[in-house]
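There are structures below to look over.
Shared chain: chain A. Partners: chain B in the first complex, chain C in the second.
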Partner chain A sequence: MATAVMTTLDPNSRSAARGMSDLTIRNLFIIPTIVFLIVFNIFPLLYSLGYSFTDFRASSPAPANFVGLQNYRELLNDPFIWSNFAITAKYVIVSVVGQVIVGFGVALLLNRDIPLKGLLTTLLLLPMMLSMAVVGLFWKLLYDPSWGVINYALGLGNFEWLSNPDMALYAVAITDIWMWSPFVMLLSLAGLSAVPKHLYEAAAIDRAGSFYTFFRITLPLVAPILMIAIIFRTMEAFKTFDLAYILTSQPTTEVISIRLYKMAFQEWQTGRSCALAYIVLIMVLAITNIYVKYLNKVKER
Partner chain B sequence: MAHIQLKNISKSFGNHTALTGLNLDIADGEFFVLLGETGAGKTTTLRMIAGLEKPTEGQVFIDGVDVADWGAAERDVALVLQQYSLYPRYTVRENLEFPLKPKIRRLPDAEIKDRVARAAKTLRIEHLLDRKTDRLSGGEMQRVSIGRAIVRKPRVFLMDEPLSALDAKLREALRTELKNLQIQLGATFLFVTHDQIEAMSMGDKVGVLNHGRIVQTGTPHEIYNNPRDTYVASFVGSPPMNLIDGRLINNRAVMAPMNFELPLSGGAKGFGGAKTGAATEGRPLVFGIRPEDVYLESGAPVEARVHDVENHGVEKILTLRVGDTTLRATVSARTDVAIEQSVRFAWNADKVVLFDKGSGVSLRHAS
Partner chain C sequence: MAAVRTSSEIGFNRVAIVAVLLVTIIFLAPIYWIASTAFKPRNLATTIPPTVVFQPEISPFVKLFTKRSQLRSAPTPEEYAAAPWWERVVFDGGEKIVRDGKGQVQWSGYPSRFMNSLIVAITSTVLAVGMGTFTAYGFSRFKVKGEADLLFFILSTRMLPPVVVAIPMFLMYRAVGLNDTHWGLIILYTAFNLSFSVWLMKGFMDEIPKEYEEAALVDGYTRMEAFFKIVLPEAATGIAATAVFCFITAWNEYAFALIMTNRRAQTAPPFIPSQVGSGLPDWTVIAAGTFLFLLPVAIFTFLLRNHLLRGMSFGAIRK
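This part shows the complex of A and B:
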């Protein structure tokens, strides 16, 4: 079937002269990727599934013993793990909602004829291009209570952003919002510019106000692509590690991936951390599935 | 219901001038058709009345009030576009309700229901009300977008080639429906089209637009029988008016390139008016004659060969060749002619329109 859709090779091309068929060329492109995926993704995934049923510790030479579902049972009954999940959920909600509001808002502002629009858009996209670690380090400086720019600019005196346990998670979320709102903005902008202009004109003629037009025309038409942005950002936020790890080490900011990291590489509970990783994976899959279901519903409408 | 006036409107987009010195006067309750080729500035005119575009110069008056600072909503017009612009994802009913539901002017529910039902009945789309708009055919979509215009009782209906995306049968049906609708509502309609048949059949008045200027305004009858210049003459009518170069000598039209003559009794005075009469003799002119006023007769003065025959069922359109120039004649379908057959023709001399060769303006319109 795959060969049926392929076009035949131009008999005069260089590839043909070298005696390569369509199939050879296709394989040349695809096989390296597949090998890479299997070695670095699929294999570790399955291997860690095996470990999740053992009491294996990577730090000790002792052989792994099969313990069945014990790791899963203990993890799901551990109140500390649940509090990690609660922190993660709070973080995901704050940061994704923030990104959607800021990103979509900026996209609305950019979606009109303004001078230097291209340059402005490019500049706004910069935070997204930075490395997480760099962003973390920079914001640590910005948040500094005694000489940080943020306290200076907002006139907050010595307000402690990162060492205040109630504030630290929000500080991390704000940084994440700063970094990833451009992503939501970019997708929203694509969605907004795809709304036909004549619909807005028709709405203006129909004497619809700007709010009415926004909620009845703009939002429904941008919803599918906005949903995609939300799916991506939720998955990413759920897995957040570097930003939170670099910025602060409060117990109130111990999101699930930090707990996982500590379990695996500080406490060396390899088997148990594999089980936790699987629990996280299943949760992310479940959430994504709910979103995708909803996305399809939005698209159908 | 409203009276619309455009005074000395000019509009340019960057270097491109779309309209120059446009004057229009559309009476209350009139079905006015703006006719012109693609790019003549018809849509721009419409959008300026709707308030979607601002004129570079000149004023728009609705009921005698200058509406320069009014937005589209305040002007209270309805606009039906060629590309339908139905709101996607909504049903037909929701589309029809849309203009009635904004909070500021929200009508009572019973009233909304009543108006939607009435519009649906008028346009015969009652059975489609609960269907999503992307499941409609082209004709149904266009009806819905007309419906969205009529639920609101606007002061003016603006229609931008609403029928040109439809197939011929449907176009004919909707043409009649629209005209009836206008009579029924007694509303002012401004209808833009490039199709001269639509203009002729629907308009109370027709304005011919060419390169951003109004060339002629008048009833379809005037436009057809007494075109202001050769542009209108060749644009309106299908097949268009025959335009033949020649001179008027001793009450006879002498066609220079074709070397044939036709009688034109009554002389120049009848055609050019008293003022131009004297100057008409012998000067280069263009003789305009509608194909239906050219007839075949055995004793007629000019001999020609049949170049082409187009059978339209009710009539035949013949292309006649005299020398190396051609002209069209509409004859009854029963006329038996074959290509390359030799025939003799004459014209209905009362119907001839004389144009000045240089300016192209009809002598009757020249001042």
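This part shows the complex of A and C:
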């Protein structure tokens, strides 16, 4: 990739008589970044691609043996891995749907003249800026069955959140919804404020109901930006690690990143974990591809 | 909407305002709870009903910074009187501060983790924003073959799940001795933030009119001089906003830090949860550590409020 940049001649470049030519400057500015990313992101991935075809264990001095596609075959036939993917899918759905409902809902409420609107918006955005791991940890106290504020406020008695295998994943998702609804809200607000006012005025003159106005004017115009928020949050929820790892250790909350972490750094099945990492990577890149297409689409508007 | 306003609309507006206030209170409640627990005496941190009104104390912060041990017997009145105020608050909690043979107070693990966080976050931010600014200018002003593909490649490195990257990086770092070092984390965070910084800075660069530099070039500036003297000052706000975003990302990062460090270079995010062992944790100390850790981010969020949208959408939505 770097060579492609170097060899392309820019037809518009005015080769300045003094100083460096534009071409030199362009390469000087761009190539280090590309090289840095190749060395520290792409090269490691090639390295682990190699290991994914071996039975290597980083905890043992035994040399790696080439096993071909065995790791991939075993992983794809392992019902436990599929259940990790199922847990991840459930988490993604609960958490993203929750974020869209709360985030878009609050954005609709905020999209009007409200005293101190700027301050309220900034305050609402605070949770998403904080460290998931550190703030997530504190939710352990909030969820505590005996003295947690949540049970007290909702009058739930000694309801078990995190130690209940059926509830734990929802508890993690609720914390995630709390942290990331502000993100959906932020993007939705941008979409809502970009809807031309005259469309609403025209609808009012036609005596269109608020239901009709919402579904025929507001939603279609906000949809592209909302899509960006949804795809981005889907990708992040798919990769989720910090919150679930910190909050619980239930088998029912073992999302794919946690399985991968345990396989690599607790069970030291290095070769196998590299193979699993590749399966995850391909899924993430597929979502990224969709995401970037949408980003560019919205940018062009 | 403003043109025709019925009374029911005004009524709905009032309801909406009340709802917004309620939502804000609910969203801020966990953060308030962290802040208030950080100033509570230990016995009030876990009570039913929860303690809302109390005499604030500084003792959680004293405990956060010092190594302590259980008091076997209550201190004598002389010991108590001789102790400085910050040691007395620890006595009151039934503990004493551990001192070495020379009577020096022993620090807890927190201050060094906080310092590690600062070192790693600041250095990686400077590197990522520095490189990112140059690269963004390159993409913004010059024709680059396969520009869209290169930009996609750059962004996709940001989207890689940390654990996926961490497995090979761990092995490579182990081979060259970078595990549990500042540089090990700095490199990872720089790579992680670099793509973000390129995307965001490209947006800011695109907004600076080309004519500014072209006028300077006509006036006899070299391209480099034009970049440093004309473009960089114009891009200052964008650089600052990008830097704050990169800092916050590095400051908050957990997974890489958990895997790549264990003591010497450990940052605060993996350290703070590690204090919650088995048994009853002292939530006031955890809250104090959390409070100090969140404070810079909260301040930055307010400074950054007008750029949040842009940063969170990788520069795609500019308002």
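Note that in this section the second predicted complex is superposed on the first by the 251 of 301 C-alpha atoms of A that agree within 3 Å, B and C clash if a C-alpha of one lies under 4 Å from a C-alpha of the other, contacts with A are read in each partner's own complex, and residues count from 1 in each chain.
FYI, a residue touches a chain if its C-beta (ideal position, glycine included) is under 8 Å from a C-beta of that chain, and two chains touch if they have at least 3 such contacts.
Model, not experiment: these values are computed from the prediction.
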Which superposed partner A:64 touches (first chain B, second chain C, both, neither): neither
More chain A residues in contact [chain B versus chain C]: C
First (chain B), second (chain C), both or neither touched by A:89: neither
First (chain B), second (chain C), both or neither touched by A:201: both
Which superposed partner A:260 touches (first chain B, second chain C, both, neither): second
Which superposed partner A:221 touches (first chain B, second chain C, both, neither): first
Which superposed partner A:97 touches (first chain B, second chain C, both, neither): neither
Interface residues of chain A shared between complexes with chain B and chain C: 201, 204-205
Footprint of chain C on chain A - complex, ascending: 1, 4-5, 8, 10-13, 16, 18-20, 22-23, 25-26, 28-30, 32-34, 36-37, 40-42, 44-45, 47-48, 51, 58, 106, 109-110, 112-115, 118, 120-135, 137-142, 144, 146-147, 149, 152, 178, 182-183, 186-187, 189-190, 193, 197, 200-201, 204-205, 225, 228, 235, 239, 241-242, 246, 257, 260-261, 264-265, 270, 273-274, 277, 280-281, 284-285, 287-289, 291-292, 295-296, 298-299
In the complex, chain B residues that touch chain A: 50-52, 71-73, 76-79, 81, 83, 85, 87-89, 98-99, 101-105, 148, 152
Of all residues in chain C, those that touch chain A in their complex: 1-4, 13, 16-17, 19-21, 23-24, 27-31, 33-34, 37, 45-50, 131-132, 134-135, 137-139, 141-146, 148, 150, 152-157, 159-172, 174, 187-188, 190-191, 194-195, 198, 217, 222-225, 227, 248, 251-255, 259, 268-270, 272-273, 276, 283, 286-287, 290, 293-294, 297-298, 300-302, 305, 308-309, 312-314, 316-317, 319
Partner chain B, residues of chain A touching it in the complex: 196, 198-199, 201-209, 211-212, 216-217, 220-221, 301
